[in-house]
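Got a structure for you, questions after.
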Amino acid sequence: MSPQTLAEFAQAAERRLDPAVWAWLSGGAGNEHTLRANVQAWQRLPLWPRMLKPLVGGHTRIHLAGRELVHPILLAPVALQQLVHPDGEWASALAAAAQGAGFILSTQSSVALERVAEAVLADPGRGPLWFQLYWQADRGFNQALAQRAEAAGYEAIVLTVDAPVQGVRDRERQAGFALPAGVRVVHLQDAPATPHADGTYCAGIPAAAPTWDDVAWLQAHTQLPVWLKGVLHPLDARQARQLNVAGLIVSNHGGRTLDGAPATAAALPLVRAAVGDGLPLVVDGGIRRGTDVLKAIALGADAVAIGRPMLWALAAGGAQGVARLIRLLRDELEMALALTGCRTLADVNPGLLAPAAGPPGNAP
Amino acid sequence: MSPQTLAEFAQAAERRLDPAVWAWLSGGAGNEHTLRANVQAWQRLPLWPRMLKPLVGGHTRIHLAGRELVHPILLAPVALQQLVHPDGEWASALAAAAQGAGFILSTQSSVALERVAEAVLADPGRGPLWFQLYWQADRGFNQALAQRAEAAGYEAIVLTVDAPVQGVRDRERQAGFALPAGVRVVHLQDAPATPHADGTYCAGIPAAAPTWDDVAWLQAHTQLPVWLKGVLHPLDARQARQLNVAGLIVSNHGGRTLDGAPATAAALPLVRAAVGDGLPLVVDGGIRRGTDVLKAIALGADAVAIGRPMLWALAAGGAQGVARLIRLLRDELEMALALTGCRTLADVNPGLLAPAAGPPGNAP
Amino acid sequence: MSPQTLAEFAQAAERRLDPAVWAWLSGGAGNEHTLRANVQAWQRLPLWPRMLKPLVGGHTRIHLAGRELVHPILLAPVALQQLVHPDGEWASALAAAAQGAGFILSTQSSVALERVAEAVLADPGRGPLWFQLYWQADRGFNQALAQRAEAAGYEAIVLTVDAPVQGVRDRERQAGFALPAGVRVVHLQDAPATPHADGTYCAGIPAAAPTWDDVAWLQAHTQLPVWLKGVLHPLDARQARQLNVAGLIVSNHGGRTLDGAPATAAALPLVRAAVGDGLPLVVDGGIRRGTDVLKAIALGADAVAIGRPMLWALAAGGAQGVARLIRLLRDELEMALALTGCRTLADVNPGLLAPAAGPPGNAP
Amino acid sequence: MSPQTLAEFAQAAERRLDPAVWAWLSGGAGNEHTLRANVQAWQRLPLWPRMLKPLVGGHTRIHLAGRELVHPILLAPVALQQLVHPDGEWASALAAAAQGAGFILSTQSSVALERVAEAVLADPGRGPLWFQLYWQADRGFNQALAQRAEAAGYEAIVLTVDAPVQGVRDRERQAGFALPAGVRVVHLQDAPATPHADGTYCAGIPAAAPTWDDVAWLQAHTQLPVWLKGVLHPLDARQARQLNVAGLIVSNHGGRTLDGAPATAAALPLVRAAVGDGLPLVVDGGIRRGTDVLKAIALGADAVAIGRPMLWALAAGGAQGVARLIRLLRDELEMALALTGCRTLADVNPGLLAPAAGPPGNAP
């Protein structure tokens, strides 16, 4: 029976995957509080139904990064997708394009960025195509990688800022996860090694971790708009806005770096309040239902990104699985729109999460 | 052993029913948060006992829709009751009449409305008899159906407004639920098909979903009072009051449409505050004990309706089962009245849910 | 191995008792929310340790009803104690006297009140001996019963006011509980039958339920001080104070009447605030640890009563078991006193439940 | 597979230890609410990641008690460590010294304090070495013990103030825990017996429990700085400050004395607020992750101490196990620092636990 919900895709993937790969894919940092909180926070937000509003002409279109998209769902950058399917990122990207979803390729892709770009750019109905950058200690290497992405047709650089160290990933370690032969990070084979000092983390980390200065440097050394991915604290969001970044991906790395970090659903409204209205915000982490997408929009997001579910669908059915997953989530979003009395995403507002008090006798 | 609580009727029903039918009956939308919240919200409300008040002459009578009823329990409109018992809606309605309970017949009845009316109207002790309407794209069809109900003796039209689309019903789909041969929606066999456009939900929904204009149109084209069922947001309730509807059924469709919708116990006091005192309110969703009924009255309801429990009892014992269930719930309500020091439902007040602070030294 | 905690007495009792009797003893009303809440509410209250205070000369003595007691633990009135041990109330009363605990005999005793009194009064170290009264429809019968208790040496009448009807006791009914041959309520064999009317609860209840007028009548027709048992709402407590009752037992009948009633730990501070300082308050319901006793005192109780634990100990070890249980609870109370820096119960105060804010630099 | 987290050390220890010893080590007082709360309170505190800050030159150094330490982790005083490993306290102390961690030896050590001191003092990279004192009824015995510790090289006396009585330790009693032959408290063999009176706790306790006067007396009769261990209530902390103690260990004895005592994570910020900035605070209880250490610093602690985890590691791997455990926790702390944008512990602040509101447009 074909999966009909994101959760069913997860079940199908777990059945197919090696347990160690499943642990790598499913696990989070530490005791996985943030991993669980991401999912629960969306689900615990109440959503008020609204009635009897005219729904004719409804749609899910949004404007993002200067384009009109048919719906607000993007595929998040996830490393090494050949771990779950031989077609890897090529298949995910193809599915995204077919469904009009934006696609963000990870630096740690197992498929070359040019091959992915080729698959996406051939589809006239495609969404945005962005390249995610893990900052490397050698600035020049970053610039070269950004230029390579630009040359291939990528439309933005998404700099990940929430992972100066890898998190404490107990689940994948306990499962004995190791990279199988034949799967590798294709873009970092030539990256200069990060210098290490005395073996402590404090000594080793800073050599490779990006700083606000590096962001400004990157902006100055690429033609592409620069997004930051992994911003959670409202003060960091405000700082980013002052640098005129193209947008933010509000994220806690899917709960894989700092355990205890707040759920993205908790951080999102604070970030929106901190940056004001103009700056585009994408949010990821725990989006599993169309109602979650609607709640994200209500809390101030322009769009959402999904990570693990994409890999579930890729494992379960390759490109076709990913395409089906995007469509399922979009269908659920459309039903949620109708049930909350919204014709379009522009009608979605915070009042759907808590009933407006309004002056007595005064209906909107 | 004969069931003595609503929960025991559920167990009896589950033992008798096909698992797919049980899944159809028991399931809710999405992850079933609202389904669970409905039941829990009533139970989590504290109820303060009161002592030593005179209880002589106590009763459970209420006034609703211009009639005096012996108790405030109605049977909610539920589709296709022949799925659980061959007598279907006829048996439920007969039991309601025998116990003085109001009965609301669903548009999606598996028994013709005339046959149901005949069973009810023959009983002089019966409660109100109302017809629930699922709006159809063809206005004329709605008018014809309302006229047919009126001709048969129905006393009100209850327009359902919270289901412009069916919810995401994973449980019944996963159980492989399908309509068995011989059970069908008898009133919609001649309904014109809803026009579809491009296959997306947004394009398909609005053609059939009712609007505030349709409510006004319906009021103008039927002699019967029009109730709205499925109102949850206080602003929608206020809008409804401005249209002079006959009353509201505060409902989230038993958690079957929008998952994440607040429990009806949470919405009810906001709705009562929004519409003021005059408008009749019935509430459904998660009522499982006499104390739940009392809490609903304390929060501003005039009466309650029960859906799934009716089907449990119908499955377990046909008309006799449903009659017994109504009586059990009424007995529990009477005990709850006595234990909270209330002679009648008019004595029930919000102070039973939280202790009145009152000025020191000043007993009521 | 001899039980060392109240919970271990429960386990020992469950092993010995017929499952139906265990269900009768353990169950509560409805879904047993109040039953569980009683226990949890004490345990969830934080208790702050205090340090380095002088503890020499410490003790657990209190003054109650004009007497000095060696500790603040009473045995609550529980019906039909021969259900769990052939010695029944006689054994419980004997143990109470031996440990200096107050004893309250139920109207529904399975042992005659005179025989119980004889056992208690012979012990010079005994605590108070009170008689609990379930109001009977015939006022004269109540007076006669009170006089009989007075004649036997009982020192107070405890009128139960929270059970005008028996609660919905699903657990004991589902277990098929029935009175075994040879166990009976010895004091009500001659009570006139309560008149019934039309078979509904509302019609049947009021004939037997006491009212405030009955309280005043009872006070006027007995020499004994009259306590009320089962008061929970602060306004009822204030009303009782106006009648100059001797004291109140803050109780919800062990969660056996109105399910949803607040835990006694939640009601107690509201009752204390409502009646002010002078009126003696005993609290029961869910007391299972010495720290619970201390918390009750901190919230305004003068003493506590225990019900189910007494029956656990009676079932497990007869009079000796009950005596051991009282001593265990007292030992735990003494340890809790030492750990909270209290020399005596007079040092126990609400600040132990929440840290005093106090002006900076100002230690007490 | 070598343990990689504190939880894995616990599993390894449980596999090796006699169940009764495991119960002694793992259990807490009463129903173990405080035991559980200690662990949960740290984990439930959110921790906000911060981004893109310069991390070069980062470290975990702190100043405590006039010394610079390489990290803020101490080993708490735990009794009778030979119960879990033949090398007992000698091994724990050796490991502490090797990892630069402070070590606090219990009065109830199973290894003589001189032998422990010898192991520690030989290591130039060692942390502080303190002696924990359980107050004995005979003041002179306390003085002699303090002098013996001082002579051996201990640098402070840590007076435990939260255990005038042992707690109610059901788990170890139920498991039948008893001291095996060959393991004994070596320092108290000559202690005069505590005088007992009438067998009640209240009568027996005060003879041995220390008071504020005893603290002052001890300060006057030892050259060593005196810390108090077990302070939880802010008023007690303020009182201690007035006595010019050297520092406080905010502790509830690992949940082993007063069940219901607040988690140390809840008490710590109240204590810090009560004593102001100058007084050194160490906190223990439930620290299981590097993020917990960081949260403790953010709430006002100067350092943390770990108890049970030390014994897990000692049981699992002797001195090597303990050394590895300290290093693991330190590594996790360093990762947490990097992920919260802190170069050093001086950058850790309460704003990491809740987002700073800050004036609009004003980035820090």
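Lettered A, B, C and D in written order, each chain numbered from 1.
The working rule: a residue touches a chain if its C-beta (ideal position, glycine included) is under 8 Å from a C-beta of that chain, and two chains touch if they have at least 3 such contacts.
None of the values given here were measured: they were computed from a predicted structure.
Q: If every step must land on a chain the current one touches, say how few steps get you from chain B to chain D.
A: 2
Q: What chain lies farthest away from chain C once each centre is taken as the mean of the Cα atoms?
A: Comparing chain centres, A lies farthest from chain C.
Q: Given that chain C is a copy of chain D, what angle of rotation, in degrees and a multiple of 5, matches their CA positions?
A: So the angle, rounded to a multiple of 5, is 90 degrees.
Q: Any idea if chain B and chain C meet via the same residues, over half in common, or different ones?
A: Homomeric contact, different residues on each side for the most part.
Q: Which integer distance in Å separates the CA centroid of chain A from that of chain B?
A: It comes to 42 Å between the two C-alpha centres.
Q: Would you kindly tell me how far, in whole Å, the mean C-alpha position of chain C lies from that of chain A?
A: Distance between chain centres: 59 Å.
Q: Got the chain D residues that touch at least 2 other chains?
A: none
Q: Connecting every touching chain pair, does the picture come out as line, ring, star, complete or other?
A: Topology of the interface graph: a ring, with each chain touching two neighbours.
Q: Per the contact definition, I'd like the list of chain D residues that touch chain A in the complex.
A: Those in contact with chain A are residues 4-5, 43-60, 289-291, 295, 331-332, 334-340, 355-356, 358, 361-364.
Q: Looking at the complex, which residues from chain C come into contact with chain B?
A: For this pair, the touching residues of chain C are 30-31, 33, 161-162, 164-165, 167-168, 170, 173, 200-203, 205-207, 209-212, 214-215, 228, 230-236, 238-239, 242, 252, 257-262, 266-267, 270, 274.
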